[in-house]
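As written, the chain order gives the labels A, B, C and D, with residue 1 at the start of each chain.
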Amino acid sequence: MNQKFEVAIIGGGVIGCSIAYYLAKEKMNVALFEGNQIGSKSTSAAGGMLGAHSECDGDFEVFFPFARSSQYAYSQLKEELNHLSGFDIGYRKGGILKLAYNESDRNGLRSILSQPTVKWLDKEAVREREPDVSSNLLGAAYMKDDVNVMPIAVCQAFAKSAQILGASLFEFSPVLDIQKKDNSFLIQTATSHVEAKHVVVANGVWSTTFFKQLGLDHQLTPVKGECLSVIDEKATLKHTIFHDHYYIVPRNNGRLVIGATMIENDWNERVSLSGMDTLIAKAKTMLPTVADMKLDSFWAGLRPQTFDQKPFIGHHPEEEGILFATGHYRNGILLAPATGQMIRDLILKRQIKNEWVEAFKIDRRQPLLLRR
Amino acid sequence: MNQKFEVAIIGGGVIGCSIAYYLAKEKMNVALFEGNQIGSKSTSAAGGMLGAHSECDGDFEVFFPFARSSQYAYSQLKEELNHLSGFDIGYRKGGILKLAYNESDRNGLRSILSQPTVKWLDKEAVREREPDVSSNLLGAAYMKDDVNVMPIAVCQAFAKSAQILGASLFEFSPVLDIQKKDNSFLIQTATSHVEAKHVVVANGVWSTTFFKQLGLDHQLTPVKGECLSVIDEKATLKHTIFHDHYYIVPRNNGRLVIGATMIENDWNERVSLSGMDTLIAKAKTMLPTVADMKLDSFWAGLRPQTFDQKPFIGHHPEEEGILFATGHYRNGILLAPATGQMIRDLILKRQIKNEWVEAFKIDRRQPLLLRR
Amino acid sequence: MNQKFEVAIIGGGVIGCSIAYYLAKEKMNVALFEGNQIGSKSTSAAGGMLGAHSECDGDFEVFFPFARSSQYAYSQLKEELNHLSGFDIGYRKGGILKLAYNESDRNGLRSILSQPTVKWLDKEAVREREPDVSSNLLGAAYMKDDVNVMPIAVCQAFAKSAQILGASLFEFSPVLDIQKKDNSFLIQTATSHVEAKHVVVANGVWSTTFFKQLGLDHQLTPVKGECLSVIDEKATLKHTIFHDHYYIVPRNNGRLVIGATMIENDWNERVSLSGMDTLIAKAKTMLPTVADMKLDSFWAGLRPQTFDQKPFIGHHPEEEGILFATGHYRNGILLAPATGQMIRDLILKRQIKNEWVEAFKIDRRQPLLLRR
Amino acid sequence: MNQKFEVAIIGGGVIGCSIAYYLAKEKMNVALFEGNQIGSKSTSAAGGMLGAHSECDGDFEVFFPFARSSQYAYSQLKEELNHLSGFDIGYRKGGILKLAYNESDRNGLRSILSQPTVKWLDKEAVREREPDVSSNLLGAAYMKDDVNVMPIAVCQAFAKSAQILGASLFEFSPVLDIQKKDNSFLIQTATSHVEAKHVVVANGVWSTTFFKQLGLDHQLTPVKGECLSVIDEKATLKHTIFHDHYYIVPRNNGRLVIGATMIENDWNERVSLSGMDTLIAKAKTMLPTVADMKLDSFWAGLRPQTFDQKPFIGHHPEEEGILFATGHYRNGILLAPATGQMIRDLILKRQIKNEWVEAFKIDRRQPLLLRR
């Protein structure tokens, strides 16, 4: 193989596959290289919450509008991708209840509660919706629009739709090397090299290598997250419930996903006993009836974290042909559509909101205090 | 436990669970006993086609209208069950293309083609819809309404919805014995006995035991079916394709299900090498590109077959409190809603089409020639 | 099928398979009926300890000599079965350390420490052998002969060896009914009936049915046990460690098995979150380093418990042709060889220690206080 | 982490782990980096034959003595590794029967039959040993010493034993880069860099990258092999049977492994339907009874192939501190001990047979015709 493409994407997680989809829709000649199987890394580990509100953390300038636009895109993608690829992305309404056990919890929710799309529910109102939730509660912020999806299905649906629209997908093809060659780039895998006008680095927490190869000093650190799932035989949790970075997400298949630990700098993708322990304890405080539910399965994944916990989406500062789309940390599923659209717009030189360009650009300043 | 119920259902496959659902909707006090896990037997092995047309085999008197009413019920159940239980039953349009390789095949399709809901497509029309289908073709009968569902999801959705509506479900509880006691029946499991006014025997191919215990001589024979699934990476099969009892069903998760062998009187639920062999050969004649697809998984199940291949749905000839709903052979998924409704109507003494009562009743005559 | 056998065995767990083996060795014409797959129930859930000492609980009259003879049999079976069947039963030396955290624990070990085959080790001696064991310790009783095996391998090795010696094995064949017919018995399964001179009921916790069918009033109650396994990457536990009915067993494949909860009267064979919780907590008190180990898998099984926690091994009080071999509770793996030999000797009318006959006979007296 | 080691090994397949073991035994300070999990790639796919004779292909100068010495090493390793690590490597006698259906097959066996350790058996003698083998046979070459092992167990046993002897193992740590730094080398992974005096490149078919990075032009090509396993319920295959690169290997757990296809230059590690097809067909010609056996599982792996199908074992031609141990193609399990010993001896400057050094050295001549 020695082909030429307009764009070569490195990484077949939800980010790379979304990019492939949005570019293929523009009839661009795209190749995507995945070292393993499509969606088999961080993406398949995710809970699948589209937490525009719940993950916003006071950032109403950048994160929130970007996340909202992405969340909105999903409401259309669910039909669009199903129509093209036959995949069902497991879009599920219900929204998130962010629990407050006390006033301090409630204060933490204050800024998000100022949004018109978020409502405060007191204990009775919460327990009317979810009778099995802990009775220790003060109340909850109800974020109706923070629906959820099935992450691996989203990723595979993007990939297959892209393929149907003409993109070339290469699984089991780790990219080893990117080299400049005249006006384009040589992408080297174990077997082949292809040429491409643009290269998009989208291989999650493993992107550090390419920053380095391409003369940049950026580091991604993994934040390992462990999850388990249980069979919800009797109860019927209808909303995702959330407290202190832990959550219980109901799926369309009668399972509840309980997640997730946050273990910085651990590359090992297996689940530890102490992680299980923490998850079970935390789940019991939110939903006591969970103790009697039956274990279904368990897994872990690595969240790709940047220095300021915002993704890198933009051009290489000195090489316009190279783009990055990585570092989506806790929110890659949520942000995948908006990221795909933004990379498309960067390549096609369409207009993009300036705040987004600035916030996500590669050479943004590291706040002095966080520098290591 | 020593409880009393209005109805006790034996068997938690798709049939038993549908019955539980329709009775619970009427606010009846129902218990369902499953020896193993809900849906873990024949139900979880099924392809999921709702083949009202494709399986009709000329029987326009009874099978077809019954099957059509059941098929129609699904178009509403998909929302209804999702709303109640959160389950997605994987309802997928597309319909079935029943392939004809030659005139004799085409003749076999004649009667079904007389239906207004079925259309003949010649080779070009078929390959326009499905470009990868064998080029050896004469054409195909297109049965648009024969959509498909995800059988295990249907069954679990019925079960959980029933539970939400008040039914009691007991898994890992094989029923050992049914005894008359005054005006009701004693249901005996390994641990407990419960009393019930009505008993519905719905344990698939294992129902023979209870016919016997209850003084009847009916025998169900298993017809083992083996299946495999592959990952449809490139192609996008949109329709189920079908020939000579074999088929390829596209699922909502990028998998194709290839089924199924017909092995009479084999109780072993594992897949044999020769079964795999047959399936691969058969699939290649229908869709040659399948040879390059990657194997995903494999399984087998036992179809419950009666002497005339029609189900038994009705009262025990001498004990009105005992009902049977079993023997759904190749079409239990398709017929589950109509069966649930019919059992409900029998118990509530509502009106039922006479043809159906007659065709499915327990003591219908065995045609002399088939007797063994 | 309508065959005649000398002996029909009901149940293909470790007990039924051991019996089949010992009878087939005597060239008897044996059939074994298993409702599911060989060894798939309680047997496959077991830890595999041959705890003649650790489980003896002061019963030096009956349990201990019986268990020791069975333990001894294993030291020969490992070669014998491997030679015949090619199976490796995973026999692993090391023995058990029964931990004592305080004087009261130590007192509990007093009687067993009186045995010449058991040695007291103080804390230093324990930690010399197992440096990672809890430092909270007083010491441990070291039971060198309480080695362990791989239960499913033992069971399959018995089954296949029996088959090679001429026994007939029927999987997926639940026995429904046993009826007397002249001088022999009719065994009824869903498909077939066979005739046999002797019937051995060996279907674990599900044996209650047949006691009942055969006019007896004996009840087995399940005591569910949940387990998990972890990958022992760094440490190398060499001995099984044991405290208060919980244990950590090292296997030949780098896994540690952590077991087991004791949940009376629960027939559900899935693992609950609270069970996991308990196991993790208990394991951490014995081996703190376990917290960092990675979870491998989890499962549960039902121990068949009798009123006095001793097995039933003997003839039906009124029907000499019917025998029982069931109720092995926590020790069925350990006791399988001795049970197989005893049933063989009962059928062949060979001599058997009188204490054993008396202790395990079906109509032994239930101590008044335990009666319910 | 920023540690110093005497030797850094890249790749945790059977080759890297064997090297780690033999170096750790010499008390060297060793680190092993595995990108994924220990043994999860080609190694876990292997059949496990130690085919010194069956794979010799007339090369009695180099391959045969090297392979025999490695085969011999296993007969000791099985105890040694079990003692250290508790692992059972599944060493299983029986040997290989290389079948000849006709005179041409028999001629192909002529050279190997000249060895004193190989015996010709005519059809009757073969079928006396293996009654179910095809009756179409002329006879077979019997290679008694070509026993088999359980590859993943061997690899994990090497790894854990090395660790116990002091080696440091890093899983989920792909090495990205090797750089010279003064008298030693910097090994760069996603998270860390370590320094090492010696680097051993042992990452199987993925080694090409490092050849390249280190200024060499060597290419490994994958030869994908697909396998399946079946449950050998009735028959008891005692020997591995082999014909035309396909084989059936009996394992210690009642499974038969059927392998393996040879698909050049395919990096996709999944099993194709056409691969299954081929395996089933081939297995039936060797052992017709296989058709009725039940499928257990299926998998694929990539054999690392060099230009002349011999491994590269030796120093980098210009950098003595860099060593390669890769390209073991069809025989990495067989050759792992001898390779580990040879790398040890190269590093410790012990004496090694000159033929081996010459045959496996990195800059051996590529026969002109094969050059690409």
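FYI, a residue touches a chain if its C-beta (ideal position, glycine included) is under 8 Å from a C-beta of that chain, and two chains touch if they have at least 3 such contacts.
Computed from a predicted structure; not experimentally measured.
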Duplicate of the A-C contact set - from C-D, B-D or A-B, the pair where over half of the pairs recur: B-D
Greatest separation from chain C - chain, by CA centre: A
Chain B and chain C, separation of their C-alpha mean positions in angstrom: 39
Interchain centroid distance [CA atoms averaged], chain B/chain D, Å: 48
Contacts with two or more other chains, residues of chain A listed in rising order: 268
Residues on chain B engaged by chain C in the complex (per definition of touch): 171-174, 176-177, 190-191, 205-206, 208-209, 221-222, 265, 267-269
Touching residues (chain side chain B, partner chain A) in the complex: 82, 85-88, 90, 92, 153, 156, 160, 163-164, 169, 233-234, 236, 238, 250-254
Chain A residues within the chain C interface of the complex: 230-231, 268, 270-274, 276-277, 280-281, 283-284, 290-295, 298
